[in-house]
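Got some structures for you, see below.
Two complexes, one shared chain (subunit A), two partners (subunit B, subunit C).
Coming up: the complex of A and B.
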């Protein structure tokens, strides 16, 4: 049985749940897997990872690793992968893994396949499916080497189920002098939010200019997102008038989302916004103008005043 | 005095006060001065020759026609502005004085001296009048530079030098005349014809002895001629260069529809190893000449929507920066023109339309963009658009077989179901896939049906014309699209095309002939206006809202279609239509052209907001457009503009359909 090393991501608010999804991938291909957590003062985070059937939970805990500097992290990950005789290094697709894993692939002397959507066993060989050309085509990729570095789309692999058995925790020695020092940590800017990340949320609630101000936006769009456990997005117009921060923007010049449920509140449906939501499974639109273009794309449309409808909807969902 | 009044004797001395050796010095000085001017012009010629060979218009009839229209009649200069007035004065003064001086030297040095009699009298009067015009032009120009200081004009010490030397030439010229009249004791009836000199003599020189006047005449004459000599030598280093290079560029710029970019051939790419222009020398020779034709008047900058919106582009700066690079011997053009400047252009052609010496700013920018694309320097949404045009055959990235989604429930004939169609209705990607713009396709199809037009659509066989790819700079992606579409259109034996998209219209009409696709192409405004004129559509416009029309650049400016969209929305009640200050060919871009539709734009730099403000200021209730991209941008602009919520943006076809429905939408 082949062995994988799964790199777990964490931040100021704790473990990133989406970074656990590679375990589902590893289980699917039948690999055993060790989990690797890098950082400083990891003791509080490690126990959660013990209950996922990993062969071990490896901690690279050192002040020099307090911040995710790609050159140091990559060096440690590659070294651990060799030591553990892992064949595959896996992480979830994220800015973190985009930054770190290509370096790992180079150090580990392995090919890399990014953003894997699915894996199939064809003629006894693992074949990875990944989207190309902005998602319009699927490529089947086979790796000829026995080693490989992968990132997987967390939305394509479910959250792994926990088990009752406990994996052992192992602290790894870190030699600070051997770490590369080409990068320097300057500062961290992060919006602290309890809501899921827009790009891989299952539910996205998004609002437009008619919400008027930050307070109303948060109460209606944020409120509905919270009862559904969804992420919050916005149109360019809402971002432009300062109602919400820039990273809320969905569309051609913002984020592209493809949730299972997208709810657009007070959004007329300019093509620039629709370009960012067209792959959503179910689109719900709430708008007072029955002629609004978004209704042509929506699975369900609700014509009416959002200031009246949305609070009622939130209330009904709360009671349900 | 005391001589008989004989008109035939009327003439004057030439070189009368100048001794033979002084005349030799004078001719030597002028020869040296003109020689230096020629030498400098030859060095300019060598700069232009560093460019790729060719690019020049070869038809002498076109040269002549253009020289008459743009150089002599100065069509592009005339405007109701102070700048235009002073240019007219300077231009006419300079031309007449130059012709006069040339005639004088022909008369004096030629075999037959005709410089006497009535000819002489009219000659003197004419030159005096235009001399005044010339000096007045200089003074107005100085006033304008000193007090008005239009920012687009640019200000440099050399401009004061030039105006100073021109005015000095005029003043010393008149002084020489006055002193000559004084010391030669010309009879009043004769002197009256040299009216300015005579007035100066009468008012300022009375009491001067003949001897003193003669000495002063000599010195003033020398001052005047030395200034002329200096003036010639300095022409190539100041704005006056345009007097030579302007007409050259006006004559030699290749004749081509405004909306057609130049195709690139694989052969050229193989020869140069490049797509587009990287080093200045990759421009063709006519383009390099055009850089020297710029006199920095700033009309292009005043017309530029990107500049107005605060984007980092001024067409004038592009031409000047490239020219400065050329004067340094050439080199990497991207070193002087930042990428953001090139991407900021909406290719609305307002600068090209304004330029009095016919510089092709958009061609310069397009060539530089092609190089950026070749070097892989385009990122983000517009780069994705190119991928989607390549892969899905439309910039929206939708499956191309959903192209008829707009037609649901309308029973629209396709080229397969109705192979004997008269008109091919080319929908365009925007009206096919953008849910808002789909209503344009629906309205147009419904109107054509109501009017009984025999038409068909291509459905999923239609693909992007390649317009966005070509404007962004991906020339070969455009050519691939063009070849595919030309093949499809040939297969269906298409002769006439009507389309609601001005960009498709322009590309089909002006650019597909480059690939063997020759069709009779109409914009939907044109066909709808004809159907109304023929009585096949009889809309009921009673009680209609007030409308103002936003002319799409690629319809009005680039293809000259101004009347048709106005005819479509015309109301029996004239008070119902209002014009924006910038309309017709002088329209102001919505901001979507040149691929800008797909670029990220900070809210402070949106062209659409400026245009929406202008539209709202008319007080009209409806903003009519005739382009799906304009419609998108203007809807957005109105949403961002104070008072914009009281105005709605509609395509002309939607307005007409609503009126037609009121009259009863039945096929005739």
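Coming up: the complex of A and C.
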């Protein structure tokens, strides 16, 4: 049986749930897997990871790893992958894994496939499906070396079911002197939000440039999201003009969402934005231009003035 | 002391503005990958500010990509090396080629776009940094030099907002959308570009053998979503969301 090493991500609010999804991928291809968590003061996070049938839960716990700096993290991950005799290193797609895993691939001397959507076994060899050209093409990719690095799209693989057996926790020695020191963490902008995380929200409400300013965006898009208990997203144009922060951006180069319900407000539907929403179950579009491309993809389309329709929708949902 | 040389890596991609475009065989027009164009612009601004003496470019491909090389030169890139290779290389192979070229060119740092908009892999910059054992700053929206150009302070766009890191130079930097807005190519720029020479190198001359380790077996269009319904009022929309789609 082949073995995978799965890199788990965490943040100020604990383990990132979507970073557990690669276990579903590994189970599907029939690999055994070890989980690797890097950081500082990980003791409280580790027990949750014990109930997922991993061969072991590996902790690289050291003050030098307190911040996810790519050079240090990649060095540790590649070393652990070699020690564990893993053929595959996997993580969920995120800015963390996009930063660190290609560097792991270089150290692990292996090719990498990004954003895997599905895996199929053809003649005993794994074939990976991934999107290219802003989601307008799907490619079937095969790796010809015996090692590889993968990121999987968390919206394409479900949260793994827990099991009753407990995986052992293993604390790894971290030799600070051998870690690269060319990168230093300075600061992170911490924004507190009561809204759910975009990547795993059940409802996403997203807005475009016609919202005009931060106040209107928050009142209409934010207001609609709150009445539905949803997350807030935006187009690149809305981020570029400073209406909302960069982490709201959905699309080819931003976040990929696949909620039960996506509502696009004043979004015409550039291919780059549609790439990030096309797997949503229900898509609603409200736009004044009846020719807007988003209407071709929308489950329900409503043509009209968002400044009139959105308050009406918020009111109707409040009454409902 | 200001820096001697920046190496900008760029790729030719099918024009993303070209509607219906989606793969090399049917694309009618090619352009510099938009993220790499941002990297070129940033390098040029650094030269114009006196941070660096020379902006050298590198791209990989057959002679057909000379058109995008001329465009980069017209923006102001001083010289460009084209590694002549027409194979479908994967990011790992590309990083290894760039790594050997960095050995030859000895730049003060390397800058490129965070991803190519055709392949969408987002790997080459990080892999190159790993192969070189250099620090990396990815998805960057702001760069400032510190301590007599020995380090760079970079603001990065991440899933949770903005992050600031410092990297010692040399390093690899990959650019995000909001770093700058690339200039338009001017007519005098185009004229000047014609007089610049494109240096052609092969993997053999660089002393490196690369094979792609990933193979694209097939490509297909994704299935289309079934055509939706136009609703004519908020009441109609809410009723359908509740009764048909059952999402409320």
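Quick note on the criterion: the second predicted complex is superposed on the first by the 204 of 320 C-alpha atoms of A that agree within 3 Å, B and C clash if a C-alpha of one lies under 4 Å from a C-alpha of the other, contacts with A are read in each partner's own complex, and residues count from 1 in each chain.
Going forward, a residue touches a chain if its C-beta (ideal position, glycine included) is under 8 Å from a C-beta of that chain, and two chains touch if they have at least 3 such contacts.
Just so it is clear, the structure is predicted and the values come from calculations on it, not from any experiment.
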- Item | Of subunit C and subunit B, partner touching more subunit A residues | C
- Message: A:297 in the overlay: touching subunit B, subunit C, both, or neither? Say first, second, both or neither.
- Response: both
- Item | Which of subunit B and subunit C A:74 touches, first, second, both or neither | second
- Task: Would you sort A:269 into first (subunit B), second (subunit C), both or neither based on which partner it touches?
- Result: first
- Now for A:240: first (subunit B), second (subunit C), both, or neither, which partner does it touch? both
- Query: If you stack the two complexes on chain A, which partner ends up touching A:278: first (subunit B), second (subunit C), both, or neither?
  - Reply: both
- Message: According to the stated criteria, A:252 is in contact with first (subunit B), second (subunit C), both, or neither; which is it?
- Response: both
- Task: State whether A:111 touches subunit B only (first), subunit C only (second), both chains, or neither.
- Result: second
- Query: After superposition on the shared chain, which partner residues are touched by A:138: those of subunit B (first), subunit C (second), both, or neither?
  - Reply: second
- Query: What is the shared patch of subunit A, the residues that subunit B and subunit C both contact?
  - Reply: 133-134, 136-137, 240, 252-253, 271-272, 278, 296-297
- Residue positions on subunit A within touch of subunit C in the complex are 11, 69-71, 74, 94-96, 98-107, 110-115, 127, 131-145, 148, 180, 182-191, 199, 203, 236, 239-240, 245-247, 252-253, 255, 260-261, 271-272, 278, 281-284, 295-303, 309, 312-313, 316-317, 320
- Task: Would you pull the subunit C residues touching subunit A in the complex into a rising list?
- Result: 14, 16, 21-23, 35, 90-92, 95, 114-115, 117-131, 133-139, 141, 153, 156-168, 171, 176-178, 212-222, 225, 227-235, 237-238, 240-242, 245, 247-248
- Considering the complex alone, what residue numbers of subunit A touch subunit B? 133-134, 136-137, 209, 237, 240-241, 252-253, 268-272, 274-275, 278, 293-294, 296-297
- Note on the structure: Per the touch rule above, subunit B residues touching subunit A in the complex are 380-381, 384, 387-388, 391-392, 396-398, 430, 433-438, 598-601, 603, 632, 635-636, 639-640
